[in-house]
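Labels for the chains are A, B, C and D, by order of writing; each one numbers its residues from 1.
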Amino acid sequence: MIIVMSKNASRQEIDNVEQKLVELGFKTHPIIGEIKTVIGAIGDKRMMNTHTISSMPGVESLVPIMKPFKLAGKELKQEPTVVDVSGIKIGGSEIVAIAGPCAIESEESFLETARRVMEAGAKIMRGGAFKPRSSPYSFQGLEEEGLRIMAAAREQTGLKIVTEVVDTRDVEMVSSYADMIQIGARNMQNFRLLHEVGLTSKPILLKRGLAATIEEWLMAAEYIMAAGNENIVLCERGIRTYETSTRNTLDLSAIPVIKELSHLPIIVDPSHAAGNWKYVSALSKGAVATGADGLIIEVHLDPPNALSDGPQSLRPAKFAQLLGEIQPIALAVGRSISTAKV
Amino acid sequence: MIIVMSKNASRQEIDNVEQKLVELGFKTHPIIGEIKTVIGAIGDKRMMNTHTISSMPGVESLVPIMKPFKLAGKELKQEPTVVDVSGIKIGGSEIVAIAGPCAIESEESFLETARRVMEAGAKIMRGGAFKPRSSPYSFQGLEEEGLRIMAAAREQTGLKIVTEVVDTRDVEMVSSYADMIQIGARNMQNFRLLHEVGLTSKPILLKRGLAATIEEWLMAAEYIMAAGNENIVLCERGIRTYETSTRNTLDLSAIPVIKELSHLPIIVDPSHAAGNWKYVSALSKGAVATGADGLIIEVHLDPPNALSDGPQSLRPAKFAQLLGEIQPIALAVGRSISTAKV
Amino acid sequence: MIIVMSKNASRQEIDNVEQKLVELGFKTHPIIGEIKTVIGAIGDKRMMNTHTISSMPGVESLVPIMKPFKLAGKELKQEPTVVDVSGIKIGGSEIVAIAGPCAIESEESFLETARRVMEAGAKIMRGGAFKPRSSPYSFQGLEEEGLRIMAAAREQTGLKIVTEVVDTRDVEMVSSYADMIQIGARNMQNFRLLHEVGLTSKPILLKRGLAATIEEWLMAAEYIMAAGNENIVLCERGIRTYETSTRNTLDLSAIPVIKELSHLPIIVDPSHAAGNWKYVSALSKGAVATGADGLIIEVHLDPPNALSDGPQSLRPAKFAQLLGEIQPIALAVGRSISTAKV
Amino acid sequence: MIIVMSKNASRQEIDNVEQKLVELGFKTHPIIGEIKTVIGAIGDKRMMNTHTISSMPGVESLVPIMKPFKLAGKELKQEPTVVDVSGIKIGGSEIVAIAGPCAIESEESFLETARRVMEAGAKIMRGGAFKPRSSPYSFQGLEEEGLRIMAAAREQTGLKIVTEVVDTRDVEMVSSYADMIQIGARNMQNFRLLHEVGLTSKPILLKRGLAATIEEWLMAAEYIMAAGNENIVLCERGIRTYETSTRNTLDLSAIPVIKELSHLPIIVDPSHAAGNWKYVSALSKGAVATGADGLIIEVHLDPPNALSDGPQSLRPAKFAQLLGEIQPIALAVGRSISTAKV
């Protein structure tokens, strides 16, 4: 950590800061410049309260040298983490396709969708039983009945299932059904929920918050890992910007940045990012070429009659075609992907 | 609602959309332009699933004419809401100052701070017992012990108390102590938590999400109101932008916009917005002149030793001086504010 | 265009708006809803001043139905435009690589770089002779001497040359040397400069502004086209967001959105977007898979000694390797790209 | 400047960086941490090319300690600058109101508006003769005829005049008419134009770019000052964010931040920020209470018939009322403002 003293800081103020740093366990190295003094402080700031320093008289700013995350970063673990979702590996050489409707609407349609996306090459089925909707008047999900339907789909198709949890009180129930638990974008900084899913042994799909920095996202992973659960898959799903021609702005740069900073796998959700099925194919291909470890795509049998997110859903046939088109791109970047057997 | 058909939409597609609208209970008015057809649909879209329409073949976009919120808007209630916090009125002619430390650290310091901010003119005391911290290694609050300390401060000073709840499981406990419950920025779209506090009878301080639009913010209020609790005070606390010279960008325009769209009162948190105590005075004055119904300001006896948010906290003497400086501004906009008796 | 009247609009106000619309040449279709009246107005708003309407008493908002651009859109021209840069086609089946240093620093290094990128497969050479630098104390470019060096490189290698113009007074000089003229991000809304390059017959490389919407970007193209020059290649180079781990956020969604809205070709600049050479390969691959018509990449013989943008520059060998890795991706999306002969 | 070496940097790489720093004239202070080494470099980086360092092997990042601006900052000049616009002082104790229409439309209406805003208390008249419009089909201004009309208004009313220049070729002409030259938001990084107006002796009104950081804005001022013109008034006019309920998000925090970093005066344009006349009064009051040195407000005799920006324009009577309401706020913050004589 570097402490930058203001140009008017007195000798006494500089001494006070150094002394405080020493008290906090740092080794200090003051550098007296022509205009300002800066103090290098050696030690691990992650476990201590640096606000103490930044409020001291004469301090202009603190510059962290170390990243604030530890378990999610590469210091302690260099090799990529491969997360095992009931036998399906995310982060290995195979790119994993996750697909399904935004919300589970009925058993019949969900089972039919499951069959179709499984045939297309998907390995994991998505579906919302608890839906965080921006209006209290919108369909909020089938809740436990939805989880039961997902389990039935798993039994019939062999697909693994991932579903979102939105309340600490539901974590136990959701984890008793699901193979993988999703933390949605709106809950990325619901720290209690992060802690609670960190206490389970299920793999976690951690979506990036709507306006979260990559560092905040990795700190959310750190919360889960600090609670004991290291099976985390990150999911880039678009960030909020001023641009309105897509629902969010898909930040594919996050893929190489995450690969640089962390050992965790990262997948991409082009459906929520674009908010428009027309752009899903192009962005899926882009994501795979950029290095994504998987895709999570909304697929609905009949988008115009979907209870949620119809406009961004692909039909099963289009989804199958997309996986086929992705295959040569996956191969071009040294990966593979399952596609429909023809 | 207006449905814009794409310029290539067929006669059949247009007819299908009209028919679907009629099924959904709308009256339709097609307008056939030179290039595109648009269909006016009369009825209340808030209770229905408009995705159904936007995914239909030939539909380019939907344009909502009505705002999605109902209880939070002015359609049903024109006059401003005045929220009563155990006798303190927010939204009336008096501008209410809320003050206190970010986190409750000890009984002694909290009681002393309470005494000081009460003397300065504050009517409500803030303090965090459950802290949503971005690092799992940071101080997370004293939890119920913190609530007990707050209650003791209320008893000794007469100040009302507001504190944040971060978990549905804690709502009952927090509401048994607090006069007002805070929903923090990170939980503005934690819909389960919104619903849960909506079931209590306590006034709610609803902070704007880090990257929430004003419409989303009012929809969060709608969630609470739809659950039965109409005592909501909105709190603007800065939004995330590209600018880094302040922690967030305080959006004071939100004040007149909220006054235009809603009957709910709105207060401003300049401390979290600026992230730097140096800017708190200027922004507090600006907020009052712009029309804020109150201020919530971080005050700490000894900012350099605060366990959280020290850099943005004012000392009690500075806070008292600020309220004194605000008084003539409050008068200039036809309001009043309590200040230290001198 | 749809005019939404406020819910308190009087009969007289509604009549006045209708009458004004008729005066302006629109056909009107009022729709009287339960709460609000909306007026459909048929006609082309692009040539008229709609502010007239939006300021009239009782008007709540205007909703445009038609896009504001005409020449840049698909209404008048459906088939993709292929721009010819002295024989090199951008927008056809071949993906074109443009490469070179940020700034031209010396004849020797530029010629050597030209030879190397040409061997790697680049078709067009980039290089800045006039540099828009954020500090007045930074190197501002070699100006006409730089243009002369570029022309020499073209003569020796056969590469075509693209370079930026930053002042209306230089357009004639720059166009006398360059095969293609670049409008940089900071000048995307320098409308006089857009008009001036629109008067030349040179192809224009129009970079997206730092915080420009896609619609504003196409309006900038419209300015050039309205002046008579239809040879425009758009270039996505990252937009400004709150995320700081990359210099800008590369918006690859812009590719399918532009393909939906416009007939103009679009290329991608991963170097300026990322601001870090480590991310350039991944993003280049992502761009090609998403559908980009070309890439513009910063290449420098010795990045640590570059006078500008060294951190984001690739060395020639790395650039050659990248084009080789892109080739199978290009083929996977039905395109081709030139690579080093091995 | 602090150079942070990556945790894998070799001894040789660290030595190379130190040696390079020494060559560049820095004194170096390496600090060897447990995991990373950082090198403190003492000297003024503003005049040198730091990219050289950041591209060297083993370098992770550079942390500037000094601000990049020199003339615009407070190092060399502590006391506030008061800019003299033909006798009107901006930055002193009086808050200056600038008013007028977006575009000059006709002599008659402009003279009438001038008379009205002068009576209301305005000291300087604004009006666009060269309009940067986002559509090539919109009214682009009366050009020199507009400047002539402005000069006539000055003669009749005594108001000083400020108008925008958008092309380096027009700087001489505009400065021959105007008392103050405006650089608009879109041209804040048109460095050639900044340099050109820096060569004149006229005061410059420098609007903040649409997505400019405060540091970039001060660097734009630095460009003008480096060319020899130190008479600069900054103008905050809203920045681009994701929020759409106002045209831009007015960043009033910029006022105390600028006062902290710079000696230059700062005024506020609430009209362009809000894009809606309804919010102009509240924001004007907020700006003055926050510490603005002036206001620039769009005033039009007949907003519904304005050729540009009608929706955000006040009528003269409303403007006069506003200045009257601002007066007690100005007094409350120790300033004054001229208002209509009653």
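General observations
Following the convention adopted for this analysis, contacts are C-beta pairs under 8 Å (C-beta built on N, C-alpha and C of every residue); 3 or more make two chains touch, one makes a residue touch a chain.
Quick caveat: nothing in here was measured; it's all calculated off a predicted structure.
When chain centres are defined as mean Cα coordinates, C lies farthest from chain B. Interface comparison, A-B versus B-C: the higher number of contacting C-beta pairs is recorded for A-B. One inter-chain figure worth recording: chain A and chain B are separated by 27 Å, centre to centre, where each centre is the mean of the chain's CA atoms. Centre to centre, using the average C-alpha position, chain B and chain C are separated by 39 Å. Chain contacts: chain D has residues 211, 240-242, 244 touching two or more partner chains.
Listing the residues of chain B that touch chain D in their complex gives 211, 213-215, 239, 241-246, 249-253, 255-257, 259-261, 273-274, 278-279, 282-283, 285-291, 325, 328-329, 331-333. Within the complex formed with chain C, the residues of chain B that make contact are 2, 4, 7, 29, 31, 33-36, 38, 40, 42-44, 63, 65-66, 75, 240-242, 244. Chain D meets chain C in the complex at residues 46-47, 49, 51-57, 68, 132-139, 166-169, 186-187, 189-192, 195, 210-211, 216, 219, 222-223, 226-227, 240, 303-311, 313.
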